[in-house]
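Two complexes come next, and they have one chain in common, chain A, joined by chain B in the first and chain C in the second.
And then the complex of A and B:
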């Protein structure tokens, strides 16, 4: 292998990418299936002269990130579902105070302690904000270890650009799998205009204040409208996706992450066997949801099949995007269940044979 | 005799580190005094340009308005975690939190304990007024046994609510802690002692010796339903006996021995 190609576990790729993106502060708390990331950072951050803190809880970790980001640093944390629930406090505060940060949710099965199998059941939590208040976070959904790496570097850029938290919604399979990847060159982190608001070294300037409290009548509404305009801009400019074999497809799959990986193999297998002409819109951003491209194909009369490892969460966004112009079907798994290639092909054939939408859940498969 | 303006020497005024915004605290409240002591210490030690304050959630939520250096407002109880992120990212800065007792000893107990235990180079100004002021006088973890509040209307019953938490006693054996002192601000003599303690805590941070915390027993006339004058006496009569004043840990003293 050439020098810049290495074999890496997904969780470690996130860590290495963060360091190369100029992340100087990481705080985390152990939870499976993201432990390799915290472990990687505990060793490699100090080695690179950066700060690592094993926090007393996820609540503390995200609030440490809040403090670090307030100084203008690129800061990050990571966890899995139960810990991400705890981090929502800090994420909401960071949105309110317009502080950038990057965090990863390597999703496991829920609700509650659930299990440690891969899942996509934190979709609503991620794409609807998750915590209290009127806000959004940028949600990125990689499907390979290379993409975990690339998207982590991108995530820091987007967070800084919009002064807002950005996150990866991965899962246990992506975090644990080992794949060869190309390491991108480290970026020379440029704090840019952060000096206009960040904390520290205040000699010779007005003081800087970072806050999410706006009690004076009207001020919070005004601030939230500012945030809203920002979110609108993100929604217009940052929709990302990948198209495979969509133009002549009888059924277009909509999927992300691990379910998109399986679906992509299903597309290839069905094309090869001549069973059914499948295509796939693989979502790379989950918020903003790539509604425009889905609408474009809906206008052309395409029929869709959502494949997800949650009980119809992402399905709702597909339905909203299609806005009744055509039908959307669903193949859902939950609690760590994975869709199988043949199952996807069989469901797609059912969709082709039916006049309306088809919904397939694990019970039905039994 | 006529005095010319040039003859006047300024002997007392607003510390440079305090902003000129009037504070919104009730008459007789201890929070404003605590701010003044911090500002004086920061000025005296020449730390203003490096100083970053962390406001918490409670009556002091707008502490950021009252100082004239950089400030960030933290979620309820999380100020020591926010301070940790700041200090680790900007080790040359001087970072302090200003927290009430509900904020620090209840919802933020874990953040307080663990930042102390890690020996974070931060200073915590802990205002203990034995009550939740901002939300209207509910029982705090520091509310005294028998004390009536809006959620302990018959008086705090330790069988139901446990005993008041003594924070300095809780932290004094942690290796990461460099300086711990409990003071009061209800009499001029106590204020003078408190000023020294606050200054010492900032010195200890500047020297990189570890975590420092000053617990300030503080009047909350409004929450206690007492006149400011009675509140001042109440501190001596009721709080000091349960919360003894003094230095609980001082690593510089050990070094001298």
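And then the complex of A and C:
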């Protein structure tokens, strides 16, 4: 047995991965279910000689991250839905100013204060930018503690590469659970070419300016088109996903995160019992959405079933991807509800028996 | 083979440590495992619980609705989880603190006098380890020796002084159950 595995909590795995990715600055503010991440950073960042700040609010935390990133730091923050809402203004500013950062949203049930159960209901907030203005952030969706670790390390790289915020969209289960993982070797953080634009150490060089304000007529449009070109490049190059048993599938599930964990088990169980041949496209990036692979299977006439812990948010991207070429069905839960394996298999069988799309929702209150 | 266990007790009985140690042992033995705590709005004096899944295949959700085993360290836990065990499952009862018997007749009841055994070893805090020893004897989910080794990785620094006691307690619990 590989003895180098450790049993780690999801939130702590993000923290350890951030430190091993060379994160030099973390600012955060507590909220369940991501508190162990902030706690981990409060203990381990100072020990590694890095900066940790428990900010006075979420708004302060994201603006500290802005400041740190402007000086070339590898900067990070984290929260859960309500706190991420508060941070959206800062994220928008960072996109406008082309500052990289990495952040995690360990999603809880919403809207409002909602509850602290796992959910995927911040999908629109994450993939549509969330704040004001014409921008995108890279959205990564792990489904195991190992992947939380690996994707955190990747997220810092992508953020720096594109000078843009990148984030994890997790949930309360992924943050709270412990699972065996293999820790990757730490990387030595190299600011690389950041010196060409970052602030500080300014003696003897031209002045640098980090800003999201462009008031002179025409300048913002041109700047936004520069950003847009970058987003197009990301959309072309960074679509990530995992395929399981899709080629002979009667129904292909599209899911991410915790929903995808349950869906993968449903695929295995249904194939074992001979009930129905299921396959799954597990999304690893949510923005960019892996539209190309979905389109490829849509062209072959595949029938899709989206399984998500939100009321048809990711479903819209699946529908956009197939562009009417085939049908897409939906199994949705919300407010902390989880899909069950048997429920996924039953819904898939309904899809198989139906000529058109099927939509399955939980019961509503009176 | 998949074994889903819910462990419950009052805060301070070491339920989280018991679950973490079981998951760690499963990991060392090369199995898939998840540990999931109850988190958030817990009440002082209320029950703490955690779910541990051990399997030879990938685990879908770490949340357990219908466990194969329930471990009740106090009466409130038995009251709360007795109905959740699958038919044919096992309920481990800390008989030192729980007078009543399991009411269901479609499950197996295993009574372990965890507090008394721990006290006889000199420290009631080891009751969780006594219970865990009994659990692995009955279920065979993980080997007793593995748990003894895993203690080195799972115990906090300040609890490391209790490691010999904990190992003894695991062994005594193992012997306690037929």
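What we mean here is this: the second predicted complex is superposed on the first by the 359 of 366 C-alpha atoms of A that agree within 3 Å, B and C clash if a C-alpha of one lies under 4 Å from a C-alpha of the other, contacts with A are read in each partner's own complex, and residues count from 1 in each chain.
We take it that contacts are C-beta pairs under 8 Å (C-beta built on N, C-alpha and C of every residue); 3 or more make two chains touch, one makes a residue touch a chain.
Just so you know, these numbers come straight off a predicted model, no measurement behind them.
Undergrad: Look at A:333 in the shared chain and tell me whether it touches chain B only, chain C only, both, or neither; answer first, second, both or neither.
TA: In the superposition, A:333 contacts neither chain B nor chain C.
Undergrad: What is the contact status of A:303 with respect to chain B (first) and chain C (second): first, second, both, or neither?
TA: Neither chain B nor chain C is touched by A:303.
Undergrad: Would you mind checking which one, chain B or chain C, touches more residues on chain A?
TA: Touched residues of chain A are more numerous for B.
Undergrad: Between chain B and chain C, which residues of chain A are contacted by each of them?
TA: Of chain A, no residue contacts chain B in one complex and chain C in the other.
Undergrad: Touching residues of chain C toward chain A in the complex: what are they?
TA: Checking each residue of chain C against chain A gives 20, 23-24, 27-30, 32-37, 39-41, 57-63, 153-154.
Undergrad: Going by the contact rule set out above, which residues of chain A touch chain B in the complex?
TA: Chain A reaches chain B through residues 24-25, 27, 51, 53, 55-57, 59-61, 63-71, 73, 75, 89-90, 93, 97, 199-203, 207-213.
Undergrad: Write out the stretch or stretches of chain A touching chain C in their complex.
TA: 1, 3, 5-7, 32-33, 116, 172-173, 176-180, 258, 261-262, 264-266, 268, 338, 341
Undergrad: Within their complex, state which residues of chain B touch chain A.
TA: 19, 48-52, 54-55, 61-62, 64-65, 67-75, 78, 81-90, 92-93, 110-111, 113-114, 118
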